[in-house]
Structures are given as structure tokens and as C-alpha cells.
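The chains carry the letters A, B, C and D, assigned in the order they are written, with residues numbered from 1 in each.
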Amino acid sequence: MSNEQVAYTTSTAEKPLQITDIYELEKVAEKLIPSGGWGYLHGGAGDEWTMRQNTKAFNHKTIIPRILANMDKPELQTSIFGTGLRLPVIMAPVAAQGLANEEAEEGTAKGVAAAGTIMAISSYAGKSIEEIAKAGGGAPQWFQLYLSKDDGFNRYVLDQAKENGMKAVVLTADATVGGNREADIRNHFTFPLPMANLAKYGQGKGQSIADIYARALQKIAPADIEKVAAYTGLPVIVKGVQSPADAMLAIGAGAAGIYVSNHGGRQLDGGPASFDVLQPVAEAVDKRVPVIFDSGIRRGQHIFKALADGADIVAIGRPAIYGLAVGGWEGVKSVFDYFYRELEMVMQLAGTKTIEDIKNTHLVSRLKLHLDNTLN
Amino acid sequence: MSNEQVAYTTSTAEKPLQITDIYELEKVAEKLIPSGGWGYLHGGAGDEWTMRQNTKAFNHKTIIPRILANMDKPELQTSIFGTGLRLPVIMAPVAAQGLANEEAEEGTAKGVAAAGTIMAISSYAGKSIEEIAKAGGGAPQWFQLYLSKDDGFNRYVLDQAKENGMKAVVLTADATVGGNREADIRNHFTFPLPMANLAKYGQGKGQSIADIYARALQKIAPADIEKVAAYTGLPVIVKGVQSPADAMLAIGAGAAGIYVSNHGGRQLDGGPASFDVLQPVAEAVDKRVPVIFDSGIRRGQHIFKALADGADIVAIGRPAIYGLAVGGWEGVKSVFDYFYRELEMVMQLAGTKTIEDIKNTHLVSRLKLHLDNTLN
Amino acid sequence: MSNEQVAYTTSTAEKPLQITDIYELEKVAEKLIPSGGWGYLHGGAGDEWTMRQNTKAFNHKTIIPRILANMDKPELQTSIFGTGLRLPVIMAPVAAQGLANEEAEEGTAKGVAAAGTIMAISSYAGKSIEEIAKAGGGAPQWFQLYLSKDDGFNRYVLDQAKENGMKAVVLTADATVGGNREADIRNHFTFPLPMANLAKYGQGKGQSIADIYARALQKIAPADIEKVAAYTGLPVIVKGVQSPADAMLAIGAGAAGIYVSNHGGRQLDGGPASFDVLQPVAEAVDKRVPVIFDSGIRRGQHIFKALADGADIVAIGRPAIYGLAVGGWEGVKSVFDYFYRELEMVMQLAGTKTIEDIKNTHLVSRLKLHLDNTLN
Amino acid sequence: MSNEQVAYTTSTAEKPLQITDIYELEKVAEKLIPSGGWGYLHGGAGDEWTMRQNTKAFNHKTIIPRILANMDKPELQTSIFGTGLRLPVIMAPVAAQGLANEEAEEGTAKGVAAAGTIMAISSYAGKSIEEIAKAGGGAPQWFQLYLSKDDGFNRYVLDQAKENGMKAVVLTADATVGGNREADIRNHFTFPLPMANLAKYGQGKGQSIADIYARALQKIAPADIEKVAAYTGLPVIVKGVQSPADAMLAIGAGAAGIYVSNHGGRQLDGGPASFDVLQPVAEAVDKRVPVIFDSGIRRGQHIFKALADGADIVAIGRPAIYGLAVGGWEGVKSVFDYFYRELEMVMQLAGTKTIEDIKNTHLVSRLKLHLDNTLN
């Protein structure tokens, strides 16, 4: 264990990437990232059934191409909470990005800023909020909060978030304990690098995931949303929502956004694909607040389908981390450029000029097509 | 054949196990158990389609994580017939456990007792009821009954059960003939070790499964439930129920519990997965008596799903036997500890503090999600 | 080609078989039968999708075991057209059985007779009706008719059928042209052995399947049923029915039985599995005449499911031919014994004492179980 | 790149082919066509999920054989826009056929003419409209139009089409940008051979697919249909329709035919199989204009199913190109002969004597069969 901590050396690559697809990028990244770090970043919970379903589920619905839409030059820009984005894709909060590239979250922040979109900074980032904000060069960022049992720590990081200009707080509520990530168990994985926010608050590196969760607050209630919102004065987005009921509770407690996610299949295996619950949750939200979506996106068509089913913007996690591993900050930007190109192509072929047009698109269930061959 | 009987030597391991998942444990166990014993313990009937469906069927329904449930420290304890259990998982009756480890049922009884739950002792155990009861050290146990054509034998074993403090009788009714277990046919398997209850009653070892079934009673009727209950004064649980109709008949005849099971896919191939029939059977039972469930459980999420669909407690068979093979009584305990940890994690992520909360949880059909994307 | 005709030598085996399952028997048979003959006997049409579906489709419905049925000693005997059968399984008409074993149809007839059931003799048998009838030793047999363009031939074979005591005529109507059996195309297969009925009528061996079909009548109408019935005075069973409409037409024209079959997936690929259409056809027949079923049966549970879904008896083709290859007439008998044992076991486990009980059993759709978990 | 352009040498084969099935032909073609050309001709978009679904989707519905239909000698001839066809299968517009065989579109035209049907000439053909028309020897041909941003080019090619006797214009509207065809990206594919229409209009060879699409018009509206129809006086068929809405728009704008296609899965991955949308589109068209169908056809049963679900004629693309590679013009003819034979066989087995009979046939959904076993 301590050997690994000493010896953890990972990619230092920094170059723009020609990305054909994420599956190929993933294979290259796997070769660059030490196995312990790879297991943590890539793995999912239990049998990884839910993780695999996350991407497969996009095939449950199909996009019907529209060919006489009289449009060209799709417009991908959108905005959320008054922040303009070049594309409806943001960077999901991912912990410990130094596992992938020495640039760590600073690289990601720089790449995401260059891509013209928002980065969400993890509570468990390797770099401090201040360092990441600085690397982002003033680009809009959000701070993702794992509530600690130690309320002093909660105040410390939220203070940091405010001081460094974070535009919103993403309150992750689906990880009150760690999922049974078997790669980490088999690798006896402990974080080989410090987590800056914890370290600055006086907690060192070399801790296992179990150590991390031992400090995390398990009891999360609607009142916590109100508390964080009141303390920070920032919009609070509740992350990990998979049920209409939780969406209702969160909005009732003042949530400014609903983030539909199953944590990339890393928490509860045997739960539904994130995409499969997006539509019912979005219907419950009923446009009162924005809906953010992640888990499983690997293609432009996936972004399109999520927007058509009720998301306002989507987030990517692992794909950007793979880009970080293979190309540093430029690799991260290349990943967002890849999704830009793919979504632009899909929009043209689907006959949708704007993000709003996508949201007004009706997807068709594949199973329903088999059963009754009725397009509605 | 007689060589094998002479030569049957199996694991003598005794150590606690670090269990990541049961699939891995299974592979280790396979190397320790002689092939004839392995075929008997591991195999299923016919094409093993029903056996495979048993585990796959848990994916037919998904658990919707609840993230604002304001809870921590899940409480797994429950009780049945007034017996308190540390977790809602008991040991299913499994015959001839000496095939897996020389400790045989004594090891299992000791491990199950240490795990704080109930062991069901098979009629065809390698050790006598007395030996197993003693090994359990006073922990609660049930006796599983295969009715014999020889009513003297039935009385003999039920007397033993009563004398040794068994808390209930599990009357297995789904095995009036043996399933077409092809591994046993190909291995020309005969039991290499004596079955203590039979031996004490004057019947030797070296018999084939066909020999065993030749002695078994084929005609089982509701009246047999009444008869066993009257003779023993114990609660009688009817095992192998897969239809609402049989549940009704059993309760009408005085059954104190309904045990939904397809015998681990070892009897009728081409029947439904055990989990697929649990909900309709439980609805028919309508809480009049407890429902016990087994067949296919390999994960904490499977336990959760069974409880949510109507089971009061579940049983495991093969997983514990694999633990017995690899770690003796300590291995058995480790298997229950694994299920404890997994279920505890699932309860936290699903926002259910107690077993009762699980029972009030509504699972969502995956196919329905595809078809109409409606959560209800 | 002519070399092959000269050189065709196949199995001469004659011995009883220990059959674990048909898949294993199939592998042994494949080694004994020359590749051209194997391709003809084993292969299906086109992509063989329908052929594979034939067996898979039995998993579309499940048998719910009944465990308190108070029964033993299942009774498999049944009867059709006044002929008593030891089990509800007959021998389907299969052409050119000399490809599998030198005993050819004589072996099959002897084995089927020993099994206590009916053999249906193919128009394209290698042996003459007389030879086969003799080999059957007086056991009940049916004659399967392919209508020829040459009505003289039709009369010739029907005369032979009557003279040799055939109890019914099976009029195959689903093979007015040959399916695209690619194994035969790739093997440039021509029949290496004479077909006795054709030969006696003056037509030689060495013909391709195309030659055979060139002689076959394509236009088959309800009137042909009446014609055959009137000419022979025998019950006429129409084989190849897959639609309620054809069942209605056939019965209206005097058919004495409806034979649901897709010719073992050898004719129209892209059609439904034979089992998938059995229930709607049987409902249309509504017990006015017996329903015979074949295509895809490899297990006792398949027989059970076909009977529960509306068949009165079922037929097997390839399994018996594999038995013929590996064990001559004794192998054929062993195959029927295998099905006897399997069905007997399934009947016991399903709680059905008689064939009539099976017919009154309600199977449960697996997809429906997934969708609504409602047993009805 | 330039090396490849210099060096591109492909098949010069010219011979009739014995075709067992298209999958086998495809494997032979792959060996003859250089990898860059193969990637372009064979590949699809993105994950190729939609491409694979195109062929798999034919299994969503089954043909119920009819066996008492009293018919023989199926009649495959049909007509469209007054042009008689020997079979209801035409040649789809495929670009750059010189990639497959030096005969290029001249070979295809000759083979298609010999087969007695229509060739649709691609805008991006390697040979000029004049050359291809001449090679067709007066056989009926259609011209496929990709609208260019340069209206001069549009007029130039439409003038050529009229001068060379094209019977209709196929206006492709589903390719306003190129799909993400990864084989081409990985191969850095540029067209190694000139495209005659572009070349004659003054644009050279060696261009990438991106170059091609840079010239293509993205904005296509119903008005363009009217414009092309008015300019040419020819029937305009709109190709790429996958929704009832676009069919309505096209017919409203004067389309003379609706061509249901997803471009062989080469444009929008994640869209439905072409066959899955055929029926709803055909119902919207409601026989007002003919429906042409392509994408995924590899079997006679596929043609039958498309006609039964609403197509008037179907088109094949890749299969004919494989025939061109392996056998030049004779190979193309052999492919059409293969489909003729297969469809003829299916018609006989389905009991449909004419193309009109096929159109009146009701296919049965496989999933519906599983769910309720009701044939309707």
C-alpha cells in the first residue's frame, strides 16, 4: 500500500486528440493509468449490470430523423442559471483526477474552460478549489459537495467555494455509503494522492474509500438542501435523483436544479439505467427547475436523447477523464469537441436547429415499435 | 463407484474468508470439491435454463434509490415465529454437506449460529439431527422433512427433530421425484458418504439419487401438512410453492409458512424463475403466514428485491456451501457476513432503514420502463 | 456426385443407448453420418432462425409446478383414432432414413413399435411401405403423402398404404417447393440412395432435392383433402398448418386431424416458431379433430408444454434419427424411452397424473410474468 | 493518401455467380476490395447499431405460411410509374461503385438491365449519367440527386438526367451531413477515383467525404421537391423518409413516391431500423403514391415482409455491390437472380401468387405472439 503511494506515477501527456469514439479513447487511457487508479475511475458497483445498462438504455428509444426540416448550422449553445454554454454538456464532478494525469483537476479546468462550458469540482478533488478556479481562468464552475459528519468541514469547503466564485453547489445525495466497487476491493485500493480540500482541512492522503465514507454524512434530508442554500446563497442542485418523489422533495426544499444520475453505475447495482428514469423524473419536475443528466453518455445521440427526454444539460465524467489521461488539458478539450461534433451532426440529421428544438422532439420506444408499429 | 466411495476426500479448510462476491467464491470452491460432489451440489435440472433464470430474474425489476430519506445505520434484524434473527437470511436445507467439507453440517450449524440466524437441517444430512443441533450450540434450527413411503422413518426423524429442539418443520413438497440433473447422470453419482438419519434408521451409504427417491413419498397432499403439524406440534412450512393455488391449499391445511422456491433450479427445468413467481404467491398469501424465499440469491440487492416483492425472510443454499468448502464453519459465517454487508449497503442507498421499510418498497419493472417510461 | 452415390456408407450400429439428452446424442450422430447426409437431416432453411426459434420458443411459456397434487405414477398412455399409445409421442415422417443407418426405415419401424407408438412413413422413405410395415410387425403406422404432379403415383402409393394397413394418411402441404436449405446447396447434395416408392414406380436414385420437388404438386387445395380421404377411406391429417385459417379450411374439407408443424424449420425461414402458433391454431380447431404437433421438441418439458397448449400428441423427427444412427432400431427405442422418462418426471413435478390433466394445465407467459407479475 | 489514389486497383472479375446467400458473397467481396473502399462501401454510422438492427428487425414480424392456397408459379412482375419490372427489387443509388470493380456503374447498369429491373444512378457515380445510361442499353433508370449548394450543378445534373432518359428523380434528403462513419475516419478515406458528374462539372477526384458534404445543401425543404419536379417534369421520389410527418410533407409538396430508408444505417445511428418504421409511414401514405423501401434486405423473406408491411417495391444496395465486386455485371445480375429465386420460394410457401397478394398479407409480431399467443 505505502509502496503504491510512493510509486504512483501516471500520465503526463498533453496534446490535442483525434477522437473517433470514446471506446477507442478508453482503451488508450487504460494503458496509461496505473491499475489501481484505473479500477477506481473505470469500475462500477457489484455486477456492473446497472453500469452497462446506462449506455445500453439509450437504445430503448430511437430518434426519428426528420429530413425536410429546412435547416442548417445547428446551434448548440444554451445556458443554465444565467451562464452561457457553447454546448449543453458540462463536466461532471469526478474525484481524484490526479489518478489519470499529473495535471489533475487543473488540466480538466483548463480544458473545460477552453471548451466553453462548466466544470463541477468534486469535494474530493486532488487540487484545491482555489487552484482549480485559477486554472479555469475565470470560466464558470460549480462546486460539488459531499456532506461531512464534521460540519466544520462543510463550512470550510462551502466558504472556499464562495470565495472562489463557484456559481452553484451540486449536493450529491446518492453516495451516503460507497457502492460495492469490486475493482477497488480486489486492488485493495487506497487513494495514493492527497485530496486537497481534506488535506488543507488537516486530513492526509493514503486513505481508502471506506475511510472517506466513514467521514461522510449518511443522513441527508430535504432540510440539508435549505441549509446549504442559506449558507451559500448559491443555487443548490441535488445530484443522484432517480425518482419523481425525490425530485418533488428536493424542489420543495428549495433545490434550484435536479441532477438525474446513478453515479455512473458506481453506487447501487440493480437499480435502473439513469436514462430509463429520466423522463418520469423530468415530468415530475415539470420545468420548474433545470434538469441535469449524467451516466452512460458516450455519443452525440445519447446527449440528444437525454435532452429530448427532459434534460436541460448533460454531464460527462469518465470520457473527459480518459481525455485527461491521454492528452492532458488539451485532451479534455478534445473530448468536448468530439461531443460537439457528434451532437451537431445528430441535430442536423434529426432536423433540430436548436437545443430547444431537441427538447420538443419525441423519441420513439423501440419495444413499442416491435409491439404495435405505431409511431406517435 | 465403490472406489469413489472409499476415496472421497474433500476440503478440511477452516478460516474466515474475504468475500468479494459469490461468483469468485464459487470458483475457489470448485477446485476444492471432488467433481462428483461438485456436480451434485452445483448442478441444476435439464438445460439449467430455470437455474440460470433464477439469478437473472432479479434484473426484471429495479430498485429505485431514494436519496433524501434522512436515515443511517440500517437495521437488519428481524424475526420469524418468535425467533430473532440478526439478518433476514437463513440457511436453506441442503443435503449431504460432507461433500463440501469434512465439517459437514456441523460446520454449517456452527457458522450459521455465529452469524445469528437459523439453519434448516436436511432430512438427508450427513450428520444426525442431534449432532447438528449440538454443533449449533442452542442456536435456533429448523428441520426439513422429505416424506418417506415408510411412515416409521417419518416418525423417527420427526421425533428426533422434536427431541433436539427444532423450532419448525420445513416440509419439502417439490421433489417427489428427482429432477433430471445431468451432471449426476454423467458422473454416475452416488452418495459416497452415509446420510446419518437414514443410517441410524438402518440404511447405508453408497446409494444413488434414484435410490433415495425410490424411498420418497410421491403423493403429497394438503392432509400431509396437517398430519406433520399434529404429530410434531411445530409450525409447518411448505417448501417449493410456486403458485397461488398451492399457497392457498397449504394455508388451508394449516401451513404456518409458505416457502417459495424452485429448489435452486434442480427439479423442473422450464418452470419460471423463483423470483418471477414470488409476488403473485405473496399476494395470495396476503400476510396470513410468513413467506420464505430462495433460489438464485447471490447479492444483497437480490435479498432486498425478494423482501420488497413479498418475502419475509430469504434463504441461501449453494453460497453457504461454497463458504463451507473454502473456510469450514468460519467460511459459512463469512458468507452470511458478506450478505449482511451487501444488504446493509443496499438498504442505505435505497433509503430503507428497516426490514419493514424494504417490504413497503415498490420495485419497478424494467420492461415496463422500456415500454412506457412511467414510474409508479 | 456419382462417387458419393457409390461410396455412401453410414452407420450400422445396433444397440440400446443411455441417453442423457438429445444434444449429446446429436453430437455422436454427427460423427457417424456422412456430411452430405448430415447436412440434409440436420439442416434448416435460410438463416435457420426459425429452426432455432422452434426449440427456444418453449421458453416463452413456463410450467408452474404443483406440489400438493396428491398423485404418483403418472400415466402417459393415450390414444388417437382409436389407436392406443404408450406415450403421447409418435415418429414424424422423415425422408431417406438410410442416410443415418443402414437399417433405414426398417430400423425405425422396429424401434417405434417396440416403444409402443406410431410411425409415420414418409413418401420418400428409402424402404417400401411394405418393407416398413413388415418391420413394424403389425404396429400401427401412418403414411405421409407428398402429392405428386403424377396422379398415377399418388394412387400407387395410396394403394400401397391401404394394402399395408396404414391407419391414416398424413398429407404434407407445407412443402410445395423446397426451402433454401443451404447445407444441401453447399454440399451439392443429391440423394445417394434410392427412394423405394419412387423406385418401384420406376424412378431411380441419385436425384437432387430439386428433382424431387420438380415432381411434386405445388397447387394444394382443400379439395385435395377430400380427394385423398375419398380414395383411401382413411383419416387424413393435414400437416404443416400454422394458421387458424388453414386449420378451418382443412377441417371444412374433411381433415381428420390438424398437424401443426413448420417442417422442423426446413421450409420457410422467417416464419414463427411452431410452438408459438400452436395455441391459436388449437383454439381455432376447438377439439373438433385431434391436433398433432412437431418441430423443436428435445425435452419432456417441451412435450408437456405442447400438450398444455393444445396438442393431443406430438411427433419427433431428428431425435429419433440420431438414435437410429447411433443405435439402430434399439437406438430409436432408446430415444422414445428417454422422452418417456422425461415426460413422466415432468408430469410428476407438475402434478398432472394423466395426459388429460396436462391438457387442462395453464402455462404462464414468461414475458407477461416480467411485465406484470400476475399469474392467471 | 495520394499513394492510395495512384494505387487504387480493385476487382476486374466478370462472371456469373452461384450465390447461396449474401453473407457468403460479402466475405468473398471483402477480399477483393481494397480496405479503404471496403470501409466506405460496407461500413455504417457510429456504433453501427442501427445498421445491424436493419436486418435483425425483419425478425420482429413473422410470415405465417399458408398451405392450402391452391397456387403455383408465383408471379413476381410488377410495375412502378408505368415501368414494368421482372421482380419488385430495384438497384438503390450507391456512390462510387468503381471502388468495387473497374466496371463501376456501367457494370451495374448492364447487370440490372439484364435482370429486368431499374437502376437508380447516384449523383456521386464514378461514371457519367450518359455512360451509365448507355451501359443500361435503354433499360429504365432513375437519377438520384444530392442537392448542391451550387444550383448550377443541380441544373447541370438534372439536365443530364433528362437528356439521358431517366424516368424519375430520387431526391435524397437524409444526408445533409455525413454520418459518423468510423471506418472512413480510421482509414483516412478519400475517394481515390473521380466522380464523373462532379468532374465534368469541373471538380476533381481525391476528395474526402467531408469535401463532398461541404458542397451539399443542408437546408432541404418541401419546396425543393416542387422545384425539382417543376424543373425536370419527372416524378420526384423523396428518399430517406422515416416518419409519417415527412411523408405527409413530401406528398403535400408533390412527391410522386416515398422512399423509406435510413441510408443503410450510414447516417444516424440510434435511429430505428428502417423496417420498423415502414408500416407507420406506409399507413400515412395510404396508397396515394408508391412506397419504395431499402436498408437491410439480405433475403427473399425480407422483401416479402417489406411488401406486406406497405412497400410497393424494394431496393438493394450493398448486396449488388458485392456481386459487382465478385462477378462484374454478371455478378450483379446473379444477385438479382438470387433474390428472384428466394422471393419466388417464399411466395409459394406463403401461398401468395402475386405481388398484390403479398401486399394483402398480414404479418404477425413476434413479441405479440409471446405475449398473448393470439394470431389476428
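Just so it is clear, contacts are C-beta pairs under 8 Å (C-beta built on N, C-alpha and C of every residue); 3 or more make two chains touch, one makes a residue touch a chain.
In this text the structure is predicted, and so the values were computed from the model without any measurement.
Seen from the C-alpha centroid of chain B, the farthest chain centroid is that of D.
Residues touching across the chain B-chain C interface largely differ between the two copies, under half of the numbers being common to both.
Relative orientation of chain A and chain B, expressed as the C-alpha superposition rotation angle, is 90° to the nearest 5.
Computed centre separation for the pair chain C/chain D is 42 angstrom, with centres defined by C-alpha atoms. Per-chain CA centroids place chain B at a distance of 59 Å from chain D. Looking at chain D, one finds that residues 366-367, 371 touch two or more other chains.
Chain contacts in this assembly form a single closed ring in which each chain touches exactly two others.
Note for the complex: chain D touches chain A at residues 46-47, 49, 60, 173-174, 176-180, 182, 185-186, 218-222, 225, 238, 240-246, 249-250, 253, 262, 267-272, 276-277, 279-281, 309, 365-368, 371. By the touch criterion given at the top, residues 20-21, 58-59, 62-73, 299-302, 304-305, 342, 345-346, 348-350, 364, 366-367, 369-375 of chain B touch chain A in their complex.
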